[in-house]
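Next come two complexes, and both contain chain A; in the first it sits with chain B, in the second with chain C.
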Partner chain A sequence: MATKVQKTKKQPAKLDLKGFAKLIDDEQQSLVDAKDVKKVGYICNYTPVELLSAAGVRHSRLIKAGSAKTVSAGELYTQSVFCDFTKSCIGFFQQDDPFYKSFDKVYNFHTCSTMKRASEVIEQFVPTTLLNLPKLRSSEDARNFFREEIVNFKNDLGELTGKPVDDDEVQRQITIYNRARSILKEISELRKKPNPVLTGAEFLDLVRGYYYLPGEKLVTALEQVQSHLEDAPKRSGRPLRLMISGSIMADGDRRLLDILEGELGARVVIEDHCAGVRPFYHSVSEAGDPYRALANGYLDQAPCARMKPLEDGIAFSGKLAREYAVDGVVYVFLKFCACYGVSKKEFLTEFQKQNLPVLELSSDYSESDYGQLKTRIEAFVEVLKERGEVTSHEQHINA
Partner chain B sequence: MKHQAKDIINEGPWKFTTTVPVVGLDIGSRGSKGVLLDGDEVTTVLLPTGLYMQETADELLTKLLQTSGLERSDIQAVVGTGYGRISLNYDDIPYRVVTEISCHAMGAHAIIPKTRTIIDIGGQDSKAIKVDTATGKVVEFVMNDKCAAGTGRFLEKAAAILGIDLRELGEVALKSKKPAQVSSQCAVFAESEVISLRARGARENLEEISADIAAGVHYSTARRVHNLLGRIGIEPEIVFTGGVSNNVGMWKVLEEEIGARFTPAKLDLIFAGALGAAVHAWKFFASTHEVKNTKKTKKKVAKHDVREEVRFPNGD
Partner chain C sequence: MSNTSTRNSGTDGSAQNGGSKNGAPRTGADSGAVKELAALQKSYSLEKIEGWAREGKSVIWGGNSWEAPLIRSCDTTPVGFAELWKEDSLQAESVAENYHQIPGEFCSMIKAMIGRLHLRKDNAIKRILYFGSTCEPISMVLDHAGRDGYDVHCIDAATAFKVGERRPELVAFLINELQKVALWLTGKRVDEDRLTEELQFKNRMMRKVRRILDLRLKAPFYLSSTPTSQVLLGSTHYFGEREKYERVLDQLIADLEVASAVPEKRFFIPIVLAGGVAGGPKLLKIIEEANGVVLGWVIHSTSDFREDIPPLEAVAHYLFDAQLKGELGEGAGASATLRRRRVEELVDKTNARGIVSSFVTGCPYGSVVQGLERQYFKKKGVPLVGLEHSVHAEEPPTEEQVTRIKAFVEMLAE
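Right, the complex of A and B next:
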């Protein structure tokens, strides 16, 4: 199936991700075409993909951003005050999207109420199982409970395929996915250099692989990209460095990046959202009970704002901002998001404490508000640029 | 209209005496504003925004030239701002784009040098800006959600429903003794709220109920705008800019809502954005023509190479 390959207008390096994008396209097409295997879609990042791979099902995250048409198809089932990502998830099923339609089963974790309701609607199109995700990430009881839920998930997968999931295979998949996560983290960390070798849009192109490619294929492809990037010549200069923090930047939701990087030449060097680096900043223990390891590992990932305590997520966001030496933060959440729209104040306070200017945007997948978005982003970049000038001027005087 | 800089500044010396004529154009969603700076003279022109932004901009420029008695070839730099800024294009004059946020800050700073907080309510958006009093640069800003509530468009809608001329809406609102409660967040729903309020009151005194509704609409807008200020704070001197700043009712209601007074200006602050754009045009010209500043610009170009490339696609 056709997946749009996003290109930024200014692409200084010859990093060619066309091959990587083609790999994903082919994989999606082959998933649609495959006849002899069960296919599973999952929505939330707290879903242990290791189990899906170990169960031998083809799997993919349902993470596409829909067009205005898809969103309104989803709205047939929801109130208007659901986020456009939720509406997209439902909308693709309503529209008989060939990729979404090909799944035998969908798994979702109970994160926000909106997503819970979405799984109930999706169940009208495809068998769907809603799993529980405890909120208290450090409580021992929560961890025990989550382990049980993961075992339930494993058993359910066994029923789906008619073949119990093998513990050793789970162990093997943990190793593979640990490797994938650590490469993505290492690639992300290349962006700590003053002028990163890859753009934020390019990094998100790689992240797509994590959701669409099978583990082993993913690791091989990522290793190639990594060695290419590590050999890339060092770039001089220092573009404006930004962090995107917030809810989710779904696959295809690139308007912000197009404006920030493509039109204004800034660089997104780190993205703290659930389609960004969050899942890659944790690993799963490769020793002991694999289900306990999965429960701990997934609860330890950089938390979604629905998790408690909220301070953990804020601390993680603040730490990333410091480590990646950003000049400013774009805090973006989907309109009507009850998690990120309400916890924004705590996040903004953290950034302001670090003396980092923040642009707060509530976004959706409409295409008509380009001008309004651009005014806000452009003004933000102007402000950051002027701050930058003051700093360089002061340095000049001191020197 | 032609002004002397010293007549429109609140206090202190005028910092932006130009050696060549420069122009700032603020193409807003409803009105387009032009300011020409030449020496110590400040020429202003206001026009409604037409369908074709470039035509509106050309007309503004022609009117500015007529009023100031200059030729097009005299103009050394143009800065465009406002919603129409990206649609403008000039072959014969160096042109640059600056967002209205930076322009409003600079424009307010030029005539009220102690400006620290700006509330700007325009036709399609409202914003709160924190300004650096030394330079007129933006420290921080907040804009409304992309929605008409809390903007001039909302007032315009209400005026139309009440059958009142927009320019008189503020005056009418001031007559109210019992402002109506307009609670809706959304301009479209507020419209139906206003219609039903009006229907209820039609049997009684239409003039009185109109005043009450007009006042209610002002308070509703003021509350939205006040919320914007939450993040950047309210520090004097506070300046009210944009088209809606001409509305006496809004002026009073906003002062009451935020519990502070606005600093009055000697120039109609609908021109704040265009004046700021003209000051930016002057700075733009100065930075590319003075020896001392050229160095600084070069350094800047090296540092922000990518961004500068984007701004000057022709390799300027």
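Right, the complex of A and C next:
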């Protein structure tokens, strides 16, 4: 390599999100402490959060990445052949984590088979209900069936709380969450500018709010952040722009971002995974039958690779890469994640068609491979800079 | 539940290969029925099946489990994915890892599947059917098959997660999906009369299979584990020759009725096998060499389709019941937690002293089922040994597999 990547930290000017993070911390603690309300955990983005809010339960997505110890606790049930996210979900329950332990019930719309198995294990710790999620997202029959499952979900929540879920309240929550999704999408799109005002890590910090904060509180907080970001002075220059695509990057799984942004000065401008922008590229119709609207809206969201046809997910990923004018893609799949491990060739082919260099990484939550990971990422970033890829996609910016 | 078993310790060693006092064979080694069964098994090859397709018959990959009667009622032969790894599976796995870039950590089953489908993409079988509630690795590799030019049809995911939950809606949804399968195969809706005939035939076969399994409890040496597994496997595809298969079952029942009339005095350890034997009969042979006899099988369903309701409903209920009993494995979206009920039932019925829980290395379903059952049966005091294996019939058993099985069965003998 002719040019060495600068090893010193190149932290972009930090957006102060401490207040937002504190809101989330307080909310989590408040959920643990709450005595007079039912608490529900859910696993997958295909769970209509509008219904949880309408039912009046405290809720949170079970989205935390565990430590090696937590993963190991999960392995008591799964052996090694599950992804570390799944093992974390089980592991937190096994370890009596106060946050996980506080839930009265867990819901999981059947996404991948591994998560379904994990839900069956989680039922040993907390009452758990699995619900069907059709795979064929465009099929009218699938939409009708999913609507029925959503109504079942609503009824189950009513039984949990002892109070039927009110249709008008569902409608109101649809409006609130549409607003939240819309703001998050708009904030993400600020990153289409050559030198975005927020980093990938900061964006994911905002996304955490979607999973931990109640809808109204979330919208208020996001509106403040959005206003701040829109008023921020334009930055000059153009950092290396990257996209992360693939398996879930759970809350706390920040190793890649730490290296890419914190140590190498690159900027992750878009994340095509289910803890990234995917849930925010859809809205739910605010007219007509709210359960039909939820079924359609959630099946129309940017799809998980589990959904068919797979081409829809690949096309979405390719579209994001173009829209955000990225210079390269880091395709990362959790070890044993079939959705993104088995299908990786198809995703990589799509990026290669766009002449985008791709770094493919198989990941887990261990600490031991940090050095190796960093070396590979460094080499990738170095190659991108040498190839002058930094400028080749600039014409797409703000397209 | 009882975990005590009869310790059979007779001195009648000479009878192992000879006849009993009443002239009935004590082992089936020389039985015409067993030989015919072996011949049927041998004749059911991929080449033969592909020959049917070349002759213009409708043949598909998949659809050979709970949905098989429906597929046959559409004048179509369903071919189990297991045929894909019977031969050349090592080469196929290599194709999957290199061409399809399937990461090494995934199970040999899915890699052999997609690799072999790729290698045979120019062959006569062009259509693939799978069920959306199957595991994601299977579902995802079949996307690769679609890019190889196969016409891949998915029966959308529908799973009964808990007993009594939402059955009418599930049944209605699945019936509609099954109608789509018929339209895909024939351009017409399901011929319910044909389907009823298929279900009745299947039920008749299952009654005979159950009879054979029951008679084996009294005559465990007559039909060893390998032909017994062939009887079970054949109950899904009849080796493509249903009349012959039925004739073999009838003859086996007749032989076993004679053999079981004589009390078995030889020493053996009754075992329940939970999980498949995807790598072929080698693991069964090791169990037998250690004096174990597999009397309980938990992978193939031996249940009947209901005949008191319309046939499509019967197929739907059969599937959802199987899921809740943990039958038919991950391919049918079976419950990981409820399989133990069937295992427990068979431990009681067969007086099994232990359980061999087997799964393909890298299979998430198998690993979690085994983990849950290990905990459960430990509390019940029933010994369980876990066994991992690949699907490669070409590979001999590993030293570890042999040692584990032998040590386990020897421990049970003490």
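What we mean here is this: the second predicted complex is superposed on the first by the 375 of 399 C-alpha atoms of A that agree within 3 Å, B and C clash if a C-alpha of one lies under 4 Å from a C-alpha of the other, contacts with A are read in each partner's own complex, and residues count from 1 in each chain.
One rule holds for everything that comes next: a residue touches a chain if its C-beta (ideal position, glycine included) is under 8 Å from a C-beta of that chain, and two chains touch if they have at least 3 such contacts.
Bear in mind that the values here come from a model prediction, so they are computed numbers and not experimental data.
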Simultaneous placement of chain C and chain B on chain A, clash or fit: fit
First (chain B), second (chain C), both or neither touched by A:G371: first
Which superposed partner A:A325 touches (first chain B, second chain C, both, neither): neither
First (chain B), second (chain C), both or neither touched by A:L310: second
Greater chain A contact set [chain C / chain B]: C
Which superposed partner A:E346 touches (first chain B, second chain C, both, neither): second
After the two structures are overlaid on chain A, angle v-u-w for chain B, chain A, chain C in degrees (C-alpha centres, nearest 10): 80
Chain B versus chain C as contact partner of A:S362, first or second or both or neither: both
First, second, both or neither for A:G265, with chain B first and chain C second: first
Which of chain B and chain C A:A232 touches, first, second, both or neither: neither
Three-chain overlay, closest Cα atoms of chain B and chain C, distance in Å: 5
Those residues of chain A which chain B touches in one complex and chain C touches in the other: 348, 362
Touching residues on chain A, where the partner in the complex is chain B: 10, 12, 237-240, 263-266, 348, 357, 360, 362, 369, 371-376, 378-383, 385-386, 388-389, 392, 396
Residues of chain B defined as touching chain A within the complex: 83, 86, 98-102, 125, 137-143, 145-146, 231, 299-300, 302-307, 309-310
Residues of chain C defined as touching chain A within the complex: 100-103, 105-106, 110, 132-137, 139-141, 143-144, 147, 154, 156-159, 161-162, 166, 169-170, 173, 176-177, 330, 333, 335-337, 362-365, 367-368, 370-372
Chain A - residues contacting chain C, complex: 76-82, 110, 112-114, 116-118, 120-121, 123, 129-136, 139, 141-142, 145, 148, 152, 305-306, 308, 310, 333, 335-336, 338-339, 341-346, 348, 362
